[in-house]
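In the two complexes that follow, chain A is the common piece, with chain B as its partner first and chain C second.
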Partner chain A sequence: MSEAIIPGTAGSAVDPTRSASTPPRSWLAEALYNTFGRVGARIGAVWIGVIAFCAVFAPFLANSRPYLMKSGGRWSSPLLEQLTGVDVTLLAVFFVGLGLMFVRKLNMGQRAAILLWVVALVLPLAYWPQIGVIWRETQWPVLMRGGLLLLGAIDLAALVGIPWSMRLGLRFQLIFAVVLLPLVVLLIVRPPNPTRVPIYEQYREMEAAGQIEWVLRAPLPYSPSDRLRDQFDPNRPHPRPPSWEHPLGTERFGADILSRMIHASRIAMGIGFISTGIALVIGVIVGALMGYFVRWVDLLGMRLVEVFGSIPQLYLLLTFVAFFGRNLYLMMVIIGLTSWVGDARFVRAEFLKLRQQDFVQAARAAGLPLRSILFRHLLPNALAPLLVSVSFGVASAILAESTLSFLGLGLVDEPSWGQLLNQAVSAGGGFYWWLATFPGLAIFLTVFSYNLIGEALRDALDPKLSGE
Partner chain B sequence: MPDPLLSITDLQIGFSTSRGMIHPVRGVSMTIYPGQTVAVVGESGCGKSVTALSVLRLIPQPPGKYLGGSIRFQGRDLLQLSEREMRRVRGKDIAMIFQEPMTSLNPVYTIGDQIIEAILLHQGVSSREARQIAEQSLRDVGIADPGRRLDEYPHQMSGGMRQRVMIAMALSCQPKLLIADEPTTALDVTIQAQILELLRKLQKERNMAIMLITHDLGVVAENADIVNVMYAGRVIESATVEDLFDRPQHPYTEGLFRSMPRLGQKATRLQTIEGMVPNPAQWPPGCKFHPRCHRTRQLAANAPADQTVEIRTAEGSARVMARCVHDLPQLPTSGDPELREILPQHWAACHFTENYDNAPVTLPVIEHQREVRRETVENGVEGVVP
Partner chain C sequence: MLNYIIRRLLLMIPTLVGITLVVFWVMALAPGGVGASLLSAEGAMRPQEREELRKYLNKRYGLDQPKWKQYLRWVNQISPLGFEVDDAGNYGKFTFKAPDLGESMPRGRPVIDLVAEALPVTLLLNLLTVPIIYAIAVTTGIYAARHRGTALDVSTGVLFISLWSLPVMWVGVMLIGFFANRDIIQLFPTGGLHSTMADQMTFLPRFVNGTWERGWLLDTLWHLALPVICLTYGGFAFLSKLMRAAMLENLAADFVRTARAKGVGERAVLFRHVLRNSILPLITVAAGLLPGLLGGSIIIEQIFSLNGMGRLMIDAINQRDRELVLSITFVISLISLLSLLLSDILYAVADPRVSYE
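After this line comes the complex of A and B, so read on.
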């Protein structure tokens, strides 16, 4: 571990003699600060940052539709018009998150809560035109559908109202009003409404026919599902090797590989974070109860942990794909449901250690309720090993999805790195090196980065390893 | 006579272990009046901390179990309250401070977060008012610049400062009883004196009762009104602080005083009480102190042989009075001498104190409050009271 420590940053853990002039930093912030002071973690963070940037701005980086064009004297922006609900949500989260980084007054928990709140608000709003479709297509009784709609409306109203009910101060409420209310109104008036069967060639054909007077295109003018039907050439069959037009080549059906890889970063990030999130929630609750109550709760919980620990994840995934078809969300849930075991053990071990501590006794002596003791006082102290476990968990979830896609059981049309890898060897025995190298490299670098961060976290959080 | 604030009567607590039930507290009785400081003294493992925790019902159940007795606080039996009602008592009516200030504060929250949480819980005020109350309580315990200190983390403070914070937190809800479990053990001597001084001052201002758990007789002499000496899960002597220091009756109390260094006394080596505190899993029969007792050995040396027995001790064997080993087994774990009022307002539990056979068996209730030179406190002088 010692090679990961660079001189000057090592051993700068919590310093009790920190002068009073520096603003106090919470223990967790201090730990993160130490972690990202290490070279490995920085390299990892940079790569994850690149992937996250690609995930958020994928439609702006690689898209067959122009940003802006003038056709027949009319200006239009096909790219913006065709944004999906996911695009809008990701953008909102990104910019709100960026803004929150500059707000000094909030602690990490509050920032996380605000981000979650934004997702809960924007995501359903971005999809609200779908309600009509669901209304028409489901067979449920009208009363039930109406009830659900009403519930949704109340839920949204409550979500919009939350910042005003919290005691955040007038300034925050103003910021919320200025930034989020226009977004909410815009989403209700002009919801994202992409065409269901897009024709990507349309703009290239229009340009070839001279119908476009002025155009501003994305850096990579190919959508991930743009199969280049207009550029069909029997002499140059797909997949084609890298060229100036397609820097990383094309895949079997003619789509641009770089474009697909950029868009696939969403799945990589999503599957990593959502499945690890599910695992984390279950693991923390089960582990906390086991570690705090001990005795028969612990006994039962550990048996549950053993049962779930014995389920082979990959085989379960294969079975579910066989029975229920290829569904990304199902995959996330299954990966989450089978990987909480480690988290639960970590939390249990930490709680067993912490419950004897004086500050827990003091919290009980102050009359605090169990909920507060478990999740407010114990959990933040048990977070350190969890962070390590989470970063490794994200890596393994990405690998699991890639494995499944590589086996040809992943997603069909949506781009994923594993699915590109799958095409590297054709049924006829041909080997396409560019289809193996670039997606493989992306998977490797991402998993490696998460492992680097996990490793650095472990070093930063474990006083025994930090060489003090 | 006003009503006592807290009266513990014949409290018995058991812990189930893999080797069966053990009884760390066996029939403890004590009474605390408003404004009184009642010290509970004894060696480690004598049951004093368990008694203190049981007042707040913080004994983990299981493995702990209340086997009998009652803890009446302002007329209500705390042992009969529901967990929900008990939470309202904790922190609000009865607060507690602990031995280790370094670990009694949650390292991940600021001082303010922790004090304010308790205030919000018990006082039904807005968060802004709660912050003001927290600031005031920090000021009360003598912390300079409380507004800025509220936003600091525990690791930025020294041990004495943290203990002040703990006291501020405990007192922020104006409790009527403060249980202080060895509040100064982990601090160095000058800070110790400051903290005790502070407790006295705050006690006087608020007419608060303090249950002071300690094994430091110096702390007792300075602070207590009433002293309960505990040994092997029982109170073996209970008296006013003056009585106890002037006329200790129980051989264990005498032993405690002898093992204390005295100013002006030349001694190369301090006396100790031989032997070890008995293990709660294997209490000796009869009086739990007889294997270490010097009084019974002296008496046995001059007594007729039929009144003495030979016992095995850690150092070998000794001859003690038969009565100490076999008395009437009136208590659940057998044969302890009863706590009797052998002198007015002075209770002791030893077969061989004067007047034991004629003394009445009563519950120790002493309403005494000492008249100490508390003026030093008002001047704001911090230091040891002479």
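After this line comes the complex of A and C, so read on.
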């Protein structure tokens, strides 16, 4: 699987012994360099950077809980105590990624593999109290426990397999372990265990009652689900237009819109990348098999592609959503399951072109296993159209999620841009311009950024246009 | 040609079976299975009634049977060729019969009637949209190719990409919020396909006793203006880029140089030689646009309260109307499958070089 998603296979082809004063760039790195030399792609990258920053640091940017406070002579940090497992994992990945940018020896594939390893390490540690609860109090013991055991096995395989297959050298592995050791110890001693029903207004009430001696708040002191129950005022019903307290106004139930938008960027990014990843894995496997084996596999596969291609995606999504529950992770899987057709077509077309070439014949003659021929020898040549389709795919996945939320069939309580947009026109005919303008703008800018990058990538990779 | 059409039609059968499989199993694998959604209204009933309903549903949909039997039953029901089934659920002989899309439980009406009411609205919306998209995209594509690299070429490119990225629901909400709003600007109606008085209007606009009367046609167009705007702008980018690329390729071709060399006028070169060859790829993608447009019209119909297939779908989902959801997805897929076939045939008709023998 890792071969399919990590673009480093092309990068690793570069001879490491040739590292002279100017390190040679792989073909893929060259293409990326060309892409981000373009103005459009740069603008897009800047906006996505902003969204990614919001996604990683959402709890620090907008939170009802103070960073640090002194109450009754005791110092505490409600914000840190209430971080969730996702928060911790994202932060760990972000900082490790930041550190890796300064390590020059690694190529892109190795960096991605290290990040994957960090996820495999931190995620189960961050969630072990919840996993314990699920293990004990599950409704379907066999199913859930089996699933957990399977996930655990996959996780363990990744933990052991990734360092083993990367051959990074003992010294590097040691440095890495020492850097991550404090985090591991911290997570074991104090696992993230947020309260299930948070009472956001308690800090404001404590402050009003004079129980807090010293406090440091987040820049936007409202959590996305903080419905401001303590500030109820029958004369000023929600949604309220933008004001100094709430820069972008409040939504129907009284939560701060800016706060919800900041936290929604996390869902947008998550849906975008994970569902595109799922679509990519399915598309690459189906497309590779079709393009390589031709004949009846192709005939059968093309029928499958035709089936999923001719049901309009939104209808298929709605059918899924209608009969299954509404859940973030299910939504990622569903959007992924309904959008792999394009990838499969690209890979198939590319493989059909390549399958008779000498290097494939040679690989087959050398007795390489199918997995190796398909993913190590053929796939790197088909990466170009895939990269373009990934970029457009992320855009359309984000759009799909906000469309579902807009239609009222998306997530229930979690913040989402589409869900805010849904409230802009009320049943009574009222129009709340702030609820339409800001979330819509966020969706547009994000989709536009990915499309700009996709367009630039396509131009950079297209040999026909390189003469321009 | 006929051979090809027949072969394509035959190849459609496995695809159609695949579509029914996907649609049915999505529903059957859902928590609670097929029956859960039907029985959800039983809370308000007396035990005896509930038992009766359950018995009836089991008989009607075979809910007490294994899932694959339910699937075969459903396929038999919607297929034009199959076993006849009488009201009691007994199977008759194997013949051609009228395909039956079932009955919508919450509404108590045959699904086919509901679809027949909703489909024309959606088709009208889409059939109005496609020519507009083509007219604008082809014109700008030609212009951009002729003036390649100029500021206008680049700026239309960027403009169209940004239009393509504009979420339909945002544009729809903003348009309806700002231009169909009593408090801001009321230029357009807030929704629906006709005014309430449309039945009494004449078809064409006219003056009655010195007062202007809109007439049925203009009234409908007035109602459709905003929805059609929302549905069109996204299609420009893809088509004009395709048109531009095809034009550029043909402008550099040998036959164009030959035409110019033998003294054919620039207009004739452009419109008779280059354009005719460049329009081919656009014909092929015409039908490929349809699935996207049909998806987009769900949102449009919801925002502008047009009673088309999309709105019917959303209502069906909210009411857990199993037969309706199944049938709508099936009908919509059938339409886009047929349109894909149509575009392949059109391509063969338009380009004499293409042969499918």
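Everything that follows uses one rule, which is that the second predicted complex is superposed on the first by the 406 of 468 C-alpha atoms of A that agree within 3 Å, B and C clash if a C-alpha of one lies under 4 Å from a C-alpha of the other, contacts with A are read in each partner's own complex, and residues count from 1 in each chain.
Definition applied: a contact is a pair of C-beta atoms (placed from the backbone, for glycine too) under 8 Å apart; a residue touches a chain by one contact, two chains touch by 3 or more.
Worth saying up front: this structure is predicted, and the values here are computed from it rather than measured.
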item	value
First, second, both or neither for A:140, with chain B first and chain C second	neither
Touched partner set for A:75, first chain B, second chain C, both or neither	neither
Partner chain in contact with A:321 - chain B first, chain C second, else both or neither	second
Which of chain B and chain C A:33 touches, first, second, both or neither	neither
Partner chain in contact with A:214 - chain B first, chain C second, else both or neither	neither
Touched partner set for A:372, first chain B, second chain C, both or neither	first
Chain A residues touched by each partner, larger count belonging to chain B or chain C	C
Parts of chain B lying in touch with chain A, wherever the complex brings them together	56, 58, 62, 87-92, 95-96, 98-100, 103-110, 117-118, 121-122, 126-127, 151-153, 155-156, 166, 169-170
Contact footprint of chain B on chain A as seen in their complex	14, 16, 18, 20, 24-28, 167, 295, 357-359, 361-369, 372, 376-377, 380-381
Parts of chain C lying in touch with chain A, wherever the complex brings them together	11, 14-15, 18-19, 21-23, 26-27, 30-31, 37, 158, 161-162, 164-170, 173-174, 176-178, 181-184, 190, 291-292, 294-296, 298-299, 302-303, 313-314, 316-317, 320, 325, 328-329, 332-333, 336-337, 340
Residues of chain A touching chain C in the complex	40, 303-304, 306-316, 318-325, 395, 399, 402-403, 406-407, 409, 418, 421, 424-425, 429, 431, 433, 436-437, 440-441, 443-444, 447-448, 451-452, 455
